[in-house]
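As structure tokens, here come the structures.
What follows is chain A paired twice: with chain B in the first complex and chain C in the second.
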Partner chain A sequence: MVLARRASRLALLLLLLGILPAAPSSAGPRLTHEYDLKAAFLFHFAQFVQWPPEALPEKNTPLTIGILGEDPFGKSLDEIVANESVGGHKLLVRRFQRLNQADSCHILFISSSEKGRMDEVLSRVNRRSILTVGETKDFAQRSGIIGFVVAEKRLRLAVNLAAANVARLRISSKLLRQSEIVGPLRLQE
Partner chain B sequence: MRAPRTTIGRKLVTAMMLTSTAVLVLAGAVFMGHDFTSFRGLMVSRLVTRAHILAANSTAALAFQNSDDASQVLHALATDPSMIAAALYDNQGQLVATFPAGAKPGAVPARLVATGHRYERSRLSVSEAVVEEGKRLGTIYIESDLRELDERLRADGIVLLLSVFGSIAVAFALASWLQRGIAHPILALAEVARTVSEGKDYSVRSRAVGDDEVGILSEAFDQMLGEIQRRESQIRLLNADLERRVNERTAELEASNKELEAFSYSVSHDLRAPLRHIDGFVELLTKHAFASLDEKAQGHLTKISAAAKQMGALIDDLLAFSRVGRTEMRKTSVNLASMTADVIQELREDAKGRLVEWKVEELPTVQGDPSMLRLVLVNLLANALKYSGPTKEARIEVGARAQNGEIVVSVRDNGVGFDPAYAHKLFGVFQRLHASKEFEGTGIGLANVRRIVNRHGGRTWAEGAIQQGATFYFSLPR
Partner chain C sequence: MDLHRNTRSGSAPQGGPGPVRHGAPGLVLAFLLLAHVPASAQTEQAVEPAKALKQLSLEELFDLEVTSVSQKPEPVSKTAAAVHVVTSDDIRRTGALSIPEALRYVPGVEVARVDSRSYAITARGFNGTTANKLLVLIDGRSVYTPLYSGVFWDAQDAFMEDIEQIEVIRGPGATVWGANAVNGVINVISKSAANTQGFLVTGGAGNMERGFAGARYGGALGPRAFFRVYAKAFDRGPSKLPNGQDAGDASRMHQGGLRADWTPTTADGVTVQGDFYGSGIDRRSAGPTDISGGNGLARWTRAFSGHSSLQLQGYYDRTKREIPSTLNEALDTYDLTLNHHLAPAARHDVVWGLGFRLTDDDVRNSSALLAFLPPRLTQRLYTGFVQDEIALEADRLYLTMGSKVEHNSYTGFEYQPSLRLAWMPKPEQTLWAAASRAVRAPSRIDRDFFVPAQPPYFLVGDSTFQSEVLYAYELGYKSRPLTDLTASISTFYNVYDKLRSLEAGPPFFLANGLNGRTYGVEAEGIYQVSRMWRLSAGYTFLRLILDVEPPSTDVGGQSQEDDSPRHQAYGRSSLTLPHNLSLDAAVRYVGELPNQRVPSYAALDARVAWQPAKTGEIAVVGQGLLDSRHPEFGKPAARREVGRSIYGKATLWF
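Presenting the complex of A and B:
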């Protein structure tokens, strides 16, 4: 009787310990800063987008996240991506100043510093299987694939599905649910 | 034979019903217990599956911190009324969305990282990791009430109850039908036993057939009955034979007894004639020659005369005794009280000059031959009077009492009494305990009493001691 009661008490205790949330300090810094959030989003794009096989020919081909122009993320993107992999492909962050260097990456964040030559940049990469991400105004409408949009103090996404099609990228419907679809459904060839 | 309080059939049905009901209830309880646990397991796995589906749908919402979409994903649960609450947490354990939207604080855990399931009093909660491409994005929490389990149990209970009642009804019908095969031979046997014990009729047979113990019992019972019947008829034959032989012997005895009596009667009768001659010629001799005889011869003559007279009295008594045995009995009602009074009146004449106190209690009316019973009373009362002669104040009491289906009459005196060692000789013919010089008499009176009482179906006996009086009893059947 006593034993049984003790055992059930122990079980309750274990249950409580299991259910209790982990202390916040052990879960790392909270993503509050805008670019921390954007960095995390960049990482998550790798999870919800499927590249054509020729873009990732080998199992060990790294999945590269490129930053063109000025890097607004600081250390946070490197921290998030460190030791992560998606579908067996290690994640890699590379920073470019010149456009022709960016041909081999899979996700390309085009910094606001490149606002002046945005159309040139996009028209150069839009036939390659590169997920272009930008934060300039109407990035997606201007045939970028995913644009960050801040609305009501929240970070939202705008997706140009036609541009994604041209790049032969398949964006998960789950991601699309979170996004606003912009631009024509199919970009004129 | 007493009537049975219950029947074997009822007992059999009860036993079968109890067994089947116990088995049913036990099986039902096991089934329900098993169903309960397995359904609990099923509920958990279903809830886990649902959590997985929701988790798969909410990965992007968590990844891109879209709490609106997360709420929308959770809102899918609204179609199922058994879902109480749900919540999504990011990979820091922070609450992102709840169901119902804007649930009260406390309805769901404020923070959650751990996964697993948990049963509480009236609900089941499940928490699962939300994973996309191997990367943990957060946690989903779903809470369901147990109405499904309750409904399941209720349905099980109803089905069980119905099947138990139905099975009991079927079991009762089957048991009632099946018990006949067992109970009927036993009932038949019991009926035969009753007939035998009540009617003493050993010719009945159970003739119950069966391959079981009852069949054996019945067969053995029939064999026993046969044996009893055989022995009974044997006993009957023996009895009849015995009775016949007793009758034969009795008839023989009676015949020889009659012969003997006839003989003694004729002897007595034939002795009277020569005796009368002796007496007559002694009398003539006395009349003619008494004076001429000397004194010694006179004495002889007197003694011859006395002896002849005594012998005559003896022969008369013997003839009377013989008659008592031979005379036909004429039974009527006899009032002993008035008869006793008559006899005493007669005897008073003989007792003149003596001081005698007669005391007669209430006496009944009996069935018997009046003249014979009168002889009994005369003999007993005369004896009492005679043997109380030497007593100064004689006391004679006559009484009667009923006992053991008989009427016992007693005659008590305070006379010389007798030695109880010779009590058995009192009622014999010519048996005298006192010298005839002391008390005159032939010694045949009590023999007459015994013979008469015996002929009436009664008994005689006496109690007494020397110089302490005597009590004579005779009994008559009522």
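Presenting the complex of A and C:
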């Protein structure tokens, strides 16, 4: 009886020390919160997209990630971007309510709260070198550049290459390889 | 008029009383009870902190599971048509090994297995082994045969793992899709080569599926060019005669192909693909039916902006069918299409296109039984279409109008207009209505068909046979009343004119002597009960009324009224269990076909799969589990029945 209790205590101790593998966490997939993951992707986009030189004229021009409309990220985007820079350009997060404030950013996340005027927003920014990112239905099909799509519990990217081309942005093949190409350059119809 | 096999061989005595059905309600109940376990078992896992995420590679990020899907309900589809999409996940989870089997759980579609390899497939009525009101495209290539305006399903195969989705549009799609899109369009779309990188090897065996194997390899030709090659083969067992005897229609098939996708610039996309295949289907009476063929397709897309693009596509397809002592057919198809998408003004989204198709059909009449005269026929089809989607009110009200004009070698000019309206009173609701006209142009069976091959004839085609005409009126509603529930209902009222009749003889002859009406309701719902459990259900009601138009003396065509089931229903459960297990079960009911004396039946399909590692999966699939066998199509004298099928399958990818 005593022995059994000791054995179970030992097992508990080993478990706490991480020596004995805890079955559930090793069996299942790694989990994340949806908006933490989306924030991490916004950070990665800064690395995998090349802007034309005139969009980042000076070495000390910050690379700005803008959020238009309601911010779904909470603190996570600020946490991820804090003290980071890409190619010498410091990363900066800004939040906008009005569209004309957003003209100077490099990545623009257009919140679902702007759904009602998505076409208007996109037609205004789509000739600037702004990587538009959204999560509303058919965002990339409707000439946004990168759409977040949650399918099978995983985050997938829909990329409108034609829209990226108009914005003079080059998206790394490393990112494209894992994305679905949509819009007029969708590879099959 | 069964061109799939020699009808003379099908005179088997009818069996005793109908097949015995072993009910399995206990099994269904067990699935339902099991489903309650996992929903709560998954909530304890640790979640990656936001800051740690930026250290991960892209590959690792793509592999993370998100704990909660966006709370905001996505708007439902605003398409003003009855559309159902079979996803690659649906194909995998139903265990479908062929395209027809993947269409079993689509509302409004009739899938009847005729024998080991043939299917009768249609939407909204008029089913048959030579069903002629459905357009089927595989990656933009029409698989239509001008012999009877239908599809030889035994010649169509694909590497199932590489199918991205199958879009099924019920109702006329003739404005954009053209000839033959009368009652529906089935569009099989394969994945881009960029999305099928690496090795995938699959294989398995069972009682009906005696053995099957396939392999695919995808690689990169450069940073913007990808390719894949694949090969597959199967050996399928025979169906049964009604008396339980082996019907002698075992078969083998092999197929291979490649696809390359290249984006030379950010504005251009080029796809080149091709397949070849060969198959032998045994027959009891004579040598096996031999099917072979191949195709090559090239497509170039150029984008001018987010709203404007141009697409040019060309393909060549050759298919051969040799049915010893019945007929030998070789068909060559050359097809060229140009599509232009543009937004000429605010609120307007226009698509227009031009197309040319040349078919060269050569039927060597190798028997005294039947003949197509002239044996060889070259036909040219010219098409042009324009369609404008007008946003009367953005995100609220859309009007789509357009027409196709085509010129075919038999009847000359045909026009196929449509008018569609979609209204979204709320983002999660779409109410739509449509009115369209579509035609089914004559096929060789209508015009050039003679039985027997020499006079005196018993049956002759009609050298003046006209196009069958459909006026279709549709009304539908799609809704997402709850975040996890989507539902849709589609109704239609179709008015047909100049349908094919069989006029009294001798000789019997074909004519446009029937008119008719069909109406029906198709409903479906998908409910995501929990992250682990998804339920879906569908119901189809269909009624056909055909009338003989004087002076017709129809003696056969009108019986098509009873070639389609009046009621069809299905329910599906897809369950993801702990320990990388998944469990799928589906029940379907198909009403009787009075004209064929095929009784109604219910079938249970189930699949259990285990994914022990991220690179492999083992599955056991059972199809038609409720009875040892049942008929799905065909009059008793020529009928085949397909038995319960159980197979195991292993898949590895790396």
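Simple rule for what comes next: the second predicted complex is superposed on the first by the 154 of 189 C-alpha atoms of A that agree within 3 Å, B and C clash if a C-alpha of one lies under 4 Å from a C-alpha of the other, contacts with A are read in each partner's own complex, and residues count from 1 in each chain.
The rule is simple: a residue touches a chain if its C-beta (ideal position, glycine included) is under 8 Å from a C-beta of that chain, and two chains touch if they have at least 3 such contacts.
Everything numeric in this text was worked out from a predicted model, so none of it was measured.
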Chain B versus chain C as contact partner of A:174, first or second or both or neither: both
Partner chain(s) touched by A:135 [first = chain B, second = chain C, both, neither]: second
Partner chain(s) touched by A:86 [first = chain B, second = chain C, both, neither]: first
First (chain B), second (chain C), both or neither touched by A:44: both
Partner chain(s) touched by A:61 [first = chain B, second = chain C, both, neither]: neither
Partner chain in contact with A:104 - chain B first, chain C second, else both or neither: neither
Per-residue touch tally on chain A - higher for chain B or for chain C: C
Doubly contacted chain A residues - partners chain C and chain B: 24, 27-28, 30, 37, 40-41, 44, 48, 84, 155, 174-175, 177-178
Footprint of chain C on chain A - complex, ascending: 24-25, 27-34, 36-37, 39-41, 43-44, 48, 75-76, 79-80, 84, 112, 115-116, 119, 122, 126, 135, 137, 142-143, 150, 152-156, 160-166, 170, 173-178, 180-181, 183-189
In the complex, chain C residues that touch chain A: 42, 44-51, 53-54, 56, 58-70, 72, 74-75, 89, 139-140, 164, 189-190, 192, 194-195, 197, 220, 223-224, 226, 261, 263, 265-269, 271, 299, 301, 303-309, 311, 339, 341, 394-395, 427, 531, 578-580
Complex contact set, residues of chain B against chain A: 57, 59-61, 63-66, 69, 89, 91-93, 109-114, 116, 118, 127, 132-135
Residues of chain A that touch chain B when the two form their complex: 15, 18-22, 24, 27-28, 30, 37, 40-41, 44, 46-48, 84, 86-87, 155, 157, 172, 174-175, 177-178
